[in-house]
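Before I ask anything, here is the structure I am working with.
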């Protein structure tokens, strides 16, 4: 199969996945009498009973559930995605979402960079020094990473780097929130700051990113280190490593040229999926650090039973995950010449 | 032993236990958005032969010749694309459940890798017991144990081996266990798929001896598949040579080794290293690699590597033609007998 | 390397080599005093069944024993140096030049994600002498002949200017790789250099692997079961190639095989191993005509022979000894029909019974 | 001739020897041993929790009036011998809140001990149900192949494409706040990985010659799948399940922490942490110790799982 055919195949599957996700979420959020009424964001106090009636009719809230789904579908194709009531006002869900999304992207990028740059070396050390002290240490770090409750670790960081540092009069890191955005060009705050030359803002934003990034990557670098370790150990057992050594190659060359490329293939999957899931917002971390991303918004929306926002959020997330999987598969074909689609 | 007799209009003829007619096993290659079939791997591509009662038919071929697929197709472990496989008159590809059950009891297979063909988490005792249980040949556990022991002794193992796991045995012993399991439900026909290719020479010798003894004792019929021409020569009565999914030559052992008619057979024979440094060396090299069974050459499938290829060979595929029990699929039957090293002339 | 070597000179000598492996179940006494001599420019076949210690011998020789192994005693003398005492780094440097090995299954021993070119080039570029000499003899628009370079290896003595630019290295390495591939009879070298191992057939992969070994212009060429994973017709091609290369490569060959027929076809001398010992060494003609050691005798009778068919093969009774708790004395004595009292007490050492025919057995 | 009982003993001994070898491998690794000891310790404490803890230390009774929980001071052990409200007299002699008290004025150590059975029990239930569901479906899909396999795969695709936590949260918030809802919500997001894992295992296992040998022997599909393939494929699942015990404890408590707890006073580690969060700067010990407990339990299970992976690695057994 050609690569593009494979991609088309996967994209067709994506449509089905999105449909399934939307139906499931729709019924879960609208099918039960919890949270606020779906028409709440569309009305305000000034409206008369007739007006409210009209709004409800116009959006089909009086229809049976399966018909409501098609009303929602119509909204989606109008590009409105319905209104969200979580933030008190009837804001369009997509506006809320895409206002917050760049912040999530920023956090995801930072955390992923941090994860890769610590996780992969940790895994390699672990494998090369198998069952020796460095291995034990890096294994403990790795295992501790994903045995840690993420919110707890976030609080710990806040407690130490913000609270105690300021108590002790040390320069401290901000514990929560993010600076407000000055100008919007591309939408990504740091990039915009650089483009407009607003270095003060860039620094401020960066400083706010440090703790949430550390918190996120500490949890996930363990997974990465483990995968790298396992696949590296597997690769180091292979015959072609013996062959490389028998050629008289330096151990460094054996590990970095011959072993690493083979060993990184599974790590690519993990990193891809990890990055994708961060793009969907690290809910708990964003919540703990009050980072104004989509994860935090989703958490609030779930608490409110805000159907429109959750639907949008889930669909974007699903798309990202499917595309990330696809990207990983394509990357495989480049990393491993044997793989053909 | 029952004898299987069918009466035709004029004659009463004993049929061979295994008759294969024009068997084809094609694996589809799928591609594209809707995964449509764009081609086939023609692993077995029209094979016909029969195995006589109590004989050993050797099947030789290099990797990719389809010999293993042939074995699996006979046992219906893969679904044949076309053709018949008749065992005791029953067409295996179309056999019903009940017929299959008896077939599975009568026809058994021994695989190449004796370690991989035994469930690693079963002891010898339990795997033998299971084989008996499936076919209901024993009534009680103690009877099963008794029978297992008898068989283990028959294949050269002992009571002490009964409660061990496969990984505690050597390769030769594992293969003996596999043989014991195949025989535990009273099989009549064994397909031996490279049974000694994972074993050392001295172990191979003892396993081959065991197989010969068992054949004599239990009236077994063998189909012996291997790439080792010396082993097949030692074991077989008749030998079939496969190339790219087809039998190119089939004849009595001595005929085929002394008087091969197909250029491939001849060159294969010439390529065998001989355990004698003083033997006359023949530098007949078969050039090139075995082509893939996806793109089988037109005409005679051997012609791109054949020195004697003529125009006809490029266009028309030769049929397997019999002459005095010697089947050859070649347009130009060349007599290689003069060039063959034979048993008699070795020491002169 | 000494310049003048006689055909009878010993290039490599292994003396009383003992190697143990530490495992869960105990010490595996893999090598129990191996004695072996490799003469200049000869092909010596080391024959034995699995577990006899032939691969461990090779691993020790090239300094790539697994971590759980330890050399108890013995010497491996190459050019007057004892390899056992060398450091890891010294052994590595030795492997870049003097000791080249080719392994069994070319599919698993070639790195699947690197091209043949990359894997060959990294060998070529390690040897600065080779690059300099290649630049010296290359003629534009003419293919490099690698055999010329092999001849130069021992004769060139004057100090060389080892400074070559990176671009120059790349360029000459490319030409060298092509030259080596044509030495092993691989056609269309440019294309093959760009291909990945999985794109080649088994025979071509094996040739590529041989090329990687020859590129080092080794003085000792070790062929570890190189035809085992191949089909008969391909095996014949590779053995034929080896015969052709014999005179060109200027190396002594140590051929490891379990297949006596392959040894018979290629080797000048054959050493038979059993249970961690070399039990018999003789020229291949003599060994096949009149083997002395009971094990060698039985082994020869265990192979089915087309030329000399028997209705029954002679199997060796008993099983291969447990190397954790091997039988005392001669390790073959529990399976030997001639076993005497002495055999159970002390291990027989190799001794010359006829000229050039050594055997480790108390019968002689 | 042997009797049936003797047959069974022979089998049994063979399997015992196999297990002994595994234990040997297990013991060689100090990290794994530590993990095993710690997890066993926690399990034992959890089982005996109700006997260990003095109920008086774990009640909210001493807490009088005011709105939860800031009326009653969080207390730190070193300087605060137990003085339990005006009307409650405890044991003779001084006792200390070794880990301080929580927002309800309860002894934190006692609360953590009481939380152990809740968390461990939930983790076990969730993992067992998710693993059983996932492996059965995965095994059937992998073995049967064809349309059934395709259907199962597509369903797991959908679940993989979901933001897991959101699904669980939506589910939990829609069906009301009870432990059962939470369990169900977590199972909902936790079974698909088992499907994939088991399916992959079965796919590779069913290609092995021993399966073919069994078929040639006439063994039926059910026998091949359940008595052979699954038994050989189950080990990675065991590893995964062991490691998931830790993960599920974390997720479960995270849901509790995020406010999906059926009752704020329920002894549960996430609940305790949430309580501690309210006073993170004034009484950091509450969140510190409750989180640390989760970390240690989870780490212990992960260590065991990690070691199991090595021990059960078939390559070591050839």
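Here the chain labels run A, B, C and D in written order, and each chain numbers its own residues starting at 1.
In the analysis below, contacts are C-beta pairs under 8 Å (C-beta built on N, C-alpha and C of every residue); 3 or more make two chains touch, one makes a residue touch a chain.
Remember, it's a predicted structure, so these values are computed and weren't measured experimentally.
Graph distance from chain B to chain C, where chains that touch are one step apart, equals 1.
Interface comparison, A-D versus A-C: the higher number of contacting C-beta pairs is recorded for A-D.
Taking each chain's centre as the mean of its C-alpha atoms, chain A lies 25 Å from chain D.
Centre-to-centre separation between chain A and chain B, using Cα means, comes to 56 Å. Residues 1-2, 5, 8-9, 12 of chain A are the ones touching chain B in the complex.
Across the interface of their complex, chain C is touched by residues 238-240, 242-250, 253, 257-258, 261-262, 335-338 of chain A.
Chain B contributes residues 72, 75, 77, 100-101, 104-105, 107-109, 111-113, 115-123, 125-126, 130-131, 134-135, 140-142, 145-146, 162-165, 167, 178, 181-182, 185 to its touches with chain D in the complex. Interface of chain B with chain A (complex): residues 30-33.
The touching residues of chain D, when paired with chain A in their complex, are 29-31, 154, 157-158, 160-163, 165-167, 169-171, 173-176, 246-247, 250, 253-254, 257-259, 270, 273, 277, 280-281, 284, 287-288, 290-291, 294-295, 298-299, 301-303, 306.
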